[in-house]
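Okay, so here's the structure we're looking at.
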Amino acid sequence: MTDASSWVLSLSCPDRPGIVHAVSGVLADHDGNITESQQFGDPDTGLFFMRVEFASAAPRAELEAALGQLGERFEMTWRLDVAGRRMRTIVMVSKAAHCVNDLLFRERAKTLPVEIVAVVGNHPTLRDLAEFYGKPFHHIPVTPDTKPDAERALLALVEDMDAELVVLARYMQILSPELSDALRGRAINIHHSFLPSFKGARPYFQAHDRGVKLIGATAHYVTGDLDEGPIIEQDVERVDHTYTPESLTAIGADVERRALARAVRWHAEHRVLLDGHRTIVFK
Amino acid sequence: MTDASSWVLSLSCPDRPGIVHAVSGVLADHDGNITESQQFGDPDTGLFFMRVEFASAAPRAELEAALGQLGERFEMTWRLDVAGRRMRTIVMVSKAAHCVNDLLFRERAKTLPVEIVAVVGNHPTLRDLAEFYGKPFHHIPVTPDTKPDAERALLALVEDMDAELVVLARYMQILSPELSDALRGRAINIHHSFLPSFKGARPYFQAHDRGVKLIGATAHYVTGDLDEGPIIEQDVERVDHTYTPESLTAIGADVERRALARAVRWHAEHRVLLDGHRTIVFK
Amino acid sequence: MTDASSWVLSLSCPDRPGIVHAVSGVLADHDGNITESQQFGDPDTGLFFMRVEFASAAPRAELEAALGQLGERFEMTWRLDVAGRRMRTIVMVSKAAHCVNDLLFRERAKTLPVEIVAVVGNHPTLRDLAEFYGKPFHHIPVTPDTKPDAERALLALVEDMDAELVVLARYMQILSPELSDALRGRAINIHHSFLPSFKGARPYFQAHDRGVKLIGATAHYVTGDLDEGPIIEQDVERVDHTYTPESLTAIGADVERRALARAVRWHAEHRVLLDGHRTIVFK
Amino acid sequence: MTDASSWVLSLSCPDRPGIVHAVSGVLADHDGNITESQQFGDPDTGLFFMRVEFASAAPRAELEAALGQLGERFEMTWRLDVAGRRMRTIVMVSKAAHCVNDLLFRERAKTLPVEIVAVVGNHPTLRDLAEFYGKPFHHIPVTPDTKPDAERALLALVEDMDAELVVLARYMQILSPELSDALRGRAINIHHSFLPSFKGARPYFQAHDRGVKLIGATAHYVTGDLDEGPIIEQDVERVDHTYTPESLTAIGADVERRALARAVRWHAEHRVLLDGHRTIVFK
């Protein structure tokens, strides 16, 4: 438990008058100065969402005690974190390097507030890349027979490493409903398409066959319902008839890594809140 | 039949060596100077596509005779047109004005090489807009009972007006397979989504419900297979959780009119060639 | 003075702890329910900015009295408005129609919360367009000799019409420092370039000569310092070597109308706050 | 000298009738089948540009002899290369890794047709990154006194390695007019701005101060006229008032690496032709 001077508080609760006043009151009671704040009330779900960055010299325990009382009063889900703290993250990969390479590079360039504590591959292909960046690489093969064991090993690793976030960086394996549930809200996948769109195998061949003029990618939370998890970020790039499935794949890789890096950053900065099967993203 | 000094030739044929040499030979024989030219050979379909703009003082009849011989030799589909000629166009509308307003404005601003010869609405709502731009407005109501009659009236109008292009500018009616066939390759629709994507009714409510981060639109040729016609252009705009279905609709309107205007311009400039169920767009 | 149930409050003041708590306290005192709120503290200027939409059944006079006291306490600049109220707007034009046409269309389509109360042109060219949309058109010619008179006439019109916003929609005349001052913070210009960039005459010819790959436009507040006013919105579109100065101009027109429409909407919704020579835009 | 079956020919010459016919005639004489071709005639400069990919079993010497005759007849600058051949490239760096990391990764991922034969840094910072990718790293420090020696060493390296392309990947040193001339048309720089725009030091601080809403980058050929070389590619990303100079810098890094990677790919594929101080880019 650290005492810091700069904090980020994110919360959601049933919407009703007085929430902002109550939250800002707690901060004012602790000489907190708000530096950034966003709120959103969703008329569809009746939920209220708030993210606030503030400076305060108060000890964490005192802040948490006050927020705990507030949380009970408003039936709040809330989380207090040190602003800028790097989130402990495990990256899952298969053979494609573009997404994990981007995340590793951004961590080192200090433009992504994560600490990648392990890279896990179902193939050993990317061991050298992980180790170049000084990251332990775990080879956990997955076959239909070994899948339950592999998932248990992964979950054990998440717990051993105190990992807060699992990023499926072109992992190419479908998580079981059980593992999806266990990682609910803390696993992000990058989908090789502009959802809802081409599903199933070889999406870029489907895209080529259909003659699309834009290639997209979608970063979303993992749920048991494959490819239907809450969308965090989407992006596209323009293509034309001269693109082959191979060059569409290369463009797709660029779009994927871009959308994934944004989604991971926003998540790590507590900017993404779940609103049913949609997300609120306080950019 | 006009003699002009500036021409556009578009063609497609089975790919084989010597096509460009033969085409450029015909042009050289008529003192033609190529000002813009693009080619593409599709390895999937084995077809070759070419669009060439050239200046030549030769009479049209001579050019057409020479191209006719060439066309037979290479089993070509070809078309010669005066460069910059405005294509005679009928715009079909319902109640939403954003697409037709954009097309009418661009015609008048001379940034769209079409001559809109009529506006047809299944509702009378947009009569005043059409007439402000000096265009005859035809109200052809459509009910399940009258649909065959309405389509016959439309087709008669196309023929009476020598219309070369029919633009469904948020027409909201599904053309029958027969009419789709009759207008094959010369009817363009704007679809209220990023195909393949949300199909069916109220796409922006579906998009809102799904929490998408991008709103798209697709301009495509009309075929009997609804919403599956060859894609000419697609575009997107970024949205976020604060958008309601209503504001998504407004953003969607912007994306729709933009994508449709580009598709109509490219078609009118003979830049779009059919390659199976895909398009070649020589931008 | 109207009593409404839905309000928008925008404010700025020197940053210090307790502002949000105090503002939300005033709202809570009047049974206000916050539906959208954004804050930003600028560490460079030491200023705090806030925009809040809220629902409250309290009479306007009561709200204003309470906010007045608050404003004094925090040295605030604040403004309370009925949410969604259409801002009374005068559009200034010359001969180019693309921007004013877009604004008029969007007002009628109810996607832009303005009420255009007059169109003023230094040429009579666009009278018919204005009148089609039912707007009075004022022809106020400008020559070097008549410029002071013309500006007096314009300012008188602004006052007579109770206009809150003046939009220079490709007006092509430079306002005098005096008029710029008189309209400070309530006049928006669209600049035919991506500022800071090509200045002076014929920007698209300069752009063509320089071989740029992107064409941009900038919407900004008018100040005495020409083309240096606070930027509200910028946008670009991709171009290539095949574009002529003329087709660059056509693309530029699309970018201009898009950037201007966004800037006008954000201003009319009180989303734009001045922060020195920069803007805070609470999108 | 290799005999290959797939070729790319790029050329420019004074525009006049018959060029395409003559070029395609040479190809037809050697049983060449055109797979991709683009032409452009610039009315401003009176120059004609062409890029053609073709398959032919003819020996290189024969093709070159025929093209040599053709080149004399039309006063052509032309170049024949094996399609897809990787261009020998030296990357110049300073301390910032984002651009060189991207180029190295793309080379390894086979999405960039270059063979990076050396990385040269005026600081030793990026040695480990270069060596991880198996590239020799040359540390050539530059001070005002040693600059002539350093440039001689660089030029010697270019010659020793038979390097065809030099990429200034955030090299941060201004090349002398002599070196710029020696590398004319084969050195690409990435400029930390959207040219013409903020010049001089700390562009992102200038951008922040000016409150821009878009951050851009420009890839261009190096000339003696600093930052005024022919533009190959430009890109932008949207930002807002919440960005600090530091986060603008991070976004700028993304835009820079993206624009640079495209420019390098197009150059290596012989898609970029010089047209005075502009470029023709056959994408």
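Descriptive notes on the structure:
Which chain is which? They are A, B, C and D, in the order written, and residues in each are numbered from 1.
Here is the rule we go by: a residue touches a chain if its C-beta (ideal position, glycine included) is under 8 Å from a C-beta of that chain, and two chains touch if they have at least 3 such contacts.
Bear in mind that the values here come from a model prediction, so they are computed numbers and not experimental data.
Comparing the chain pairs C-D and A-D, the larger number of C-beta pairs in contact belongs to C-D. Interface chain B/chain C: over half of the residue numbers present appear on both copies, so the contact uses mostly the same residues. Farthest chain from chain A, judged by C-alpha centroids: B. Remark: chain A and chain D have CA centroids separated by 36 Å (rounded to whole angstrom). The distance from the centre of chain C to the centre of chain D, each centre being the mean of the chain's C-alpha atoms, comes to 41 Å.
Under the contact definition stated at the top, the residues of chain A that touch 2 or more other chains are 36, 40, 242. Chain A contributes residues 15-21, 24-25, 27-28, 31-41, 43 to its touches with chain C in the complex. Contact residues of chain D toward chain A in the complex are 36, 97-98, 101, 105, 108-109, 111, 132, 242, 250, 253-254, 258. Partner chain D is touched in their complex by these residues of chain C: 40, 42, 194-198, 209-214, 216, 230-236, 240-242, 275, 277-281, 283.
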